[in-house]
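Same chain, two partners: chain A is paired with chain B first, then with chain C.
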Partner chain A sequence: MNKRDEPLLVIEDLKVAFPGQSAPVIDGLSLTLDRGEVLALVGESGSGKSMTALSLMRLLPSGGAITGGRIRFDGEDVLSLPDRQMNRLRGGRMAMLFQQPQAMLDPTSRVSAQIAEPLRLHRGLGRRAAMGRVLDLLRDVGIPDPAVRARCFSHELSGGMAQRVMMAAALSGDPDMLIADEPTTALDVTVQAQILRLIDEERRKRNLATLLITHDLAVVAALADRVAVMYAGRIVEEGPAKAVLESPQHPYTQALMRCSLLVPDPHGQLLSIPGSGTHARELTCGCRFHPRCSAASQHGLVSRCMRSEPALKPDADGHVTRCWAVETEKETAA
Partner chain B sequence: MLARLLQRLLILGLMLLGVSLIAFLVPFVSGGDPVRTILMSRVRDLAVDPAAVEAMRVHLGLDRPLPVQYGTWLWQALQGDLGYSFTSGRPVASEIGRALGVSVTLALTALGIAAAVAIPLGTLAATRPGGTVDSATTLMIQTFVATPEYWLAPMGILVFALYLGWLPSAGWTSWSSLVLPAMVLSLRPMAYFTQVTRATMMDVLQAPYITAARSRGLSMRQTVMRHGLRNGSLPVVTFFALWLAGLLGGSVVIEVIFAIPGMGRLLYEAVVNRDVPMLQGGFVSIVALSILINTIADILYVALNPAVRSGHAH
Partner chain C sequence: MRIDNASQAAAAGSLLHVPPRRTAARRLWRFLRGRHWTFRTGIVILVALVVTLILAPWIVPHDPAVQNLIARLSPPSAEHWLGTDHLGRDLLSRLLVGGRFTVTIAMITVILSFAIGTLIGVVAGRVVGGLFDEITMRVVDVLISIPDVVVAIFLVAIFGPGYLTLIASLTVIGWTPFARLARGLTLAINSQGYIQAAEVLGCSRSFIVLRHVIPNIIRPIAAVSFLRFGHKLITVGALSFLGLGVQPPAADWALMLADAQPYVERLPILMIAPGLAIFVAALSVTWIGHGLEIESRDGGSGDE
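Moving on to the complex of A and B:
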């Protein structure tokens, strides 16, 4: 395929595993992300959202390994890049925000030094030029008194401030893609909206492709072009944000929606769906959601759901779902 | 920060006072009458004349009340007067000063060598746990820990001094006479430093800010240099201070084998000769110096850690 026609990021059949675990944490995940597009990745805790994000950067925690699949970024095969070129990609073309902004800053190093790293590594700026640019970036991300803040250490910053600093560091290498792994989950509710607005503004200004990992469907509705729902290391539903939110197909997505609609949670997080997804990926066959699925019995599909895993099936407008019940419904409708 | 420092200084003062009291009491608790001890050490086998004992007692001011004696002793010690050696008759303070200088030089050289090898090696091992460097390092640690100095030192002399003839076999005359004993002395701390560095760096490299630094495009090497070492330096500094304090008393084995006039030999001989003033002086100065080293390590710890520096430590 021509480099021009291909989306900026293409993940194909990604598999990630940790030694000593019976099942892979990511199993056959495929996604694409276009330039300037916002893709939201949702799913309950442990479904593999962070591992997906870290795989893109090839920064899995020690032990974790990508055991299969391909990742292409702007036509380059990320998984076979030599280390030097991978370092150039990180921070220079793809940047990342994390859940715990304060823990992400080196406690013994000044904020300015950390923001300056991509400038010096990827933009080739000298020390003085980099420092000037750091102040501009701090201003861009809405930090008052940049000259003072630049000299701060992480413990002198609030969570919101620290995330703004991380944003400045992420933007400093002028990347094409931003990966934001629950960037507001650890922050005060009042600050969450500000940070999300900042991310939205900057990514518009810079035409950043954005992979936004979140628990919050309201955030998805406000920011995302498309949304992918993960369960047990797989995508179970994916499509235009509006379509998925207005008519969720997969029973798991429907349950997610019900939880967040019916019971407003003070922390802006999802209340849990009955049962647990923790061991779902250790199932060896069938739909990984079947132990918790009520649709299976309603459609008389229990034995099929237990025996074989459904594939992702598209409908007319690029909305794909991995579910036997949805598939059979469509067949009968057709 | 200032309050912390003042508090440290106060504690330091109190500790030194306690130490001086213990040192002062050494002759009283260690073997009966100090005057008899002194006389016996001078006249050896002869029976001691009671009249001489009494005269000596008055002469030395030992007939005064204990607190007065302690006050006088402390006041003189503070002015650098630790009395005179029973055996050599020379001032204890200058003898100790010389020996301490030798032992500190030896200790710092040995620990310097140890750190220069251990920090890069431990760090390298930590970046690839289970790798070749790591396995070789583990082997080295085990070997060095298990090798006794009383075997290594003669072997060193045999090879480098007698066979190759590169270095002097003993004595304390030039810089070259420092090399062999320092190397022998460095191996054990080197092994432990490497272990501590490796464990610390393994922890540090798991930290979230390391992943974040990598995500900005720093290579592993750059990440270790800019964000790893400083965060890993705290336990290593503490460890270094502990070893330095431990080596102040000198290493008897090394100093005897290499004929080095350090603290180890000085104190060893003082014990053998029941040289009470020397023992008192040695004890006070070693403990005072250890406390000083620990205080410096403490200050360094604060200097290396911005969160502690501004009172945000947890």
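Moving on to the complex of A and C:
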């Protein structure tokens, strides 16, 4: 069953749709993620990042359904697993961090009880043994006074503290893969760095495959090995983090870079991408980004970009881009 | 790195206060202090009432069933503190014993309705849109429109009066408001982050219902169950008044009211005493429910 030469997670041509919506939320997404690797999924709100993460867990919001494609995790076909085995996978082998850590903790039960849940469900530990592990985990994620904190309720914790608790709960099942869905977006800037460092430390220690979902390119630069940029439900650019951040190919990635504060604008202005991506999915033909794209007009490609959608084309070092402008540029260079 | 970690821990520590450990008694005290005054008053009255009713057989001054036709309709005296009724039975003794039946029936009915209704409502709310949800909610719609007194009259006519008949007939209708409320609250909880977090951690459906859904919706349901308790007290009283509940010569507040009707003008206390008893009992549970509800509306901030 186990294919040793295959990455831990393989997503092939994933399609996710909601009934009543004409266009799929995720349209033909393919990704791989290996042990110990950090893959950043970048894109603006509504581009399908979180839906990708929830598809992996098979926990799409009600109505949403995976309409095509395959997800293999450690050689197992995730989409065809029976519910009981899927529950063993969740928390046991895949874990997840969320954007609003405090909302993710049950206000009526103690921190210790919630961290202990996966221990008792997946590791079959008794109450006593689970409590011992909980204290170890709380210490691991850098919570001072674990014995006191374990007895707290969620409203007695700060945001950063709650995210550490979530991390402890996520790690308690001893997973192989961690999905972090904007884990620092709701936190103070000072706490963000601590949480990122924690994620990175645990990733190294446990050789965790990490899927980092974010729209913060500074976070990507700090942690990611590889970056995949999503727009309107599909990947427009993917490659090693260094290559994508230093020489972004796709006009959308370039625009994202300009908007981020990583690269200061020489005129001291805050930039934005004109238009919005909310209806981009409903375009029936052409590149989904073309209504907002500056490169299309610059290269005199508007009619081509409107008519047909480009494919993901690789360059030398595994850096793939979905753009006509990039393609024609390469053709003329060659 | 070492300095880094230490400063990080210090920063994290200073961000929050460390809540002191509390004993169960202290937590109970804090809980009570945080309630509305109606809750505390209601609790005091209800506890006093229940203790009195439990101890009643041992503290009654006279046998509540013994008649003394010579001393019938006598006004309050040193011998009979509240006087005697039309058959010369001691009013105080009958008053002390007379609430046992009604309160017991109402209590059992509410507990059963609460348990059945909450469970059905939560399950319906978790599988919303499913066949079970659709069927149970339509059943609730139908049952909720039938007055429970009518069902009780119907069942008593078939099976005769008694504890079981009354409890069954009141529960058959009584669970429906609980189911509806529990389903509504569950729907609101379904979209909460901690339910998603539990699913992501691989918790099974029944585990999520028992450990995360029910603890989060139990407060408002408890508040309503006290309000329903008061309602049931009066319903059971009404049934006894109609002769469908407690059978003579056993004493019952509502039955005493019915018996006192012809003698109101001669001895008003015959009617005032049992009437007040029913009123105070119903008021106490309603106050408890009201006090709980006020607090649970603003998210239970009075709780620790």
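Here is the rule we use: the second predicted complex is superposed on the first by the 320 of 334 C-alpha atoms of A that agree within 3 Å, B and C clash if a C-alpha of one lies under 4 Å from a C-alpha of the other, contacts with A are read in each partner's own complex, and residues count from 1 in each chain.
Operating definition for what follows: a residue touches a chain if its C-beta (ideal position, glycine included) is under 8 Å from a C-beta of that chain, and two chains touch if they have at least 3 such contacts.
What you see is a predicted model, and the numbers here were worked out from it, not measured in a lab.
After superposition onto chain A, the modelled positions of chain B and chain C overlap sterically. Of the two partner chains placed by superposition, only chain C is touched by A:143; chain B is not. Once the two complexes are overlaid on the shared chain, A:213 sits clear of chain B and of chain C alike. By the touch criterion defined above, A:186 reaches neither chain B nor chain C.
In the superposed model, A:106 lies in contact with both chain B and chain C. After overlaying the two complexes on the shared chain, residue contacts for A:160 are found with chain C alone; chain B is out of touch. In the overlay built on the shared chain, the residue A:151 is in contact with chain C alone; chain B does not reach it.
Residues 57, 59, 62, 87-92, 95-96, 98, 100, 103-109, 113-114, 117-118, 121-122, 154, 156, 166, 169, 173 of chain A lie at the contact with chain B in one complex and at the contact with chain C in the other. Taken in their complex, chain B has these residues touching chain A: 129, 206-209, 211-219, 226-227, 230-231, 304-307, 310, 312.
Residues 57, 59, 62, 87-92, 95-96, 98, 100, 103-109, 113-114, 117-118, 121-122, 142-145, 148, 151-152, 154, 156-158, 160-161, 166, 169-170, 173, 190, 194 of chain A touch chain C in their complex. Contact residues of chain A toward chain B in the complex are 54, 57, 59, 61-62, 83-84, 87-92, 95-96, 98, 100, 103-109, 113-114, 117-118, 121-122, 153-156, 166, 169, 173.
The touching residues of chain C, counted against chain A in their complex, run 5, 8-9, 11-13, 15-16, 18-19, 21, 128-129, 192-194, 196-204, 207, 211-212, 215-216.
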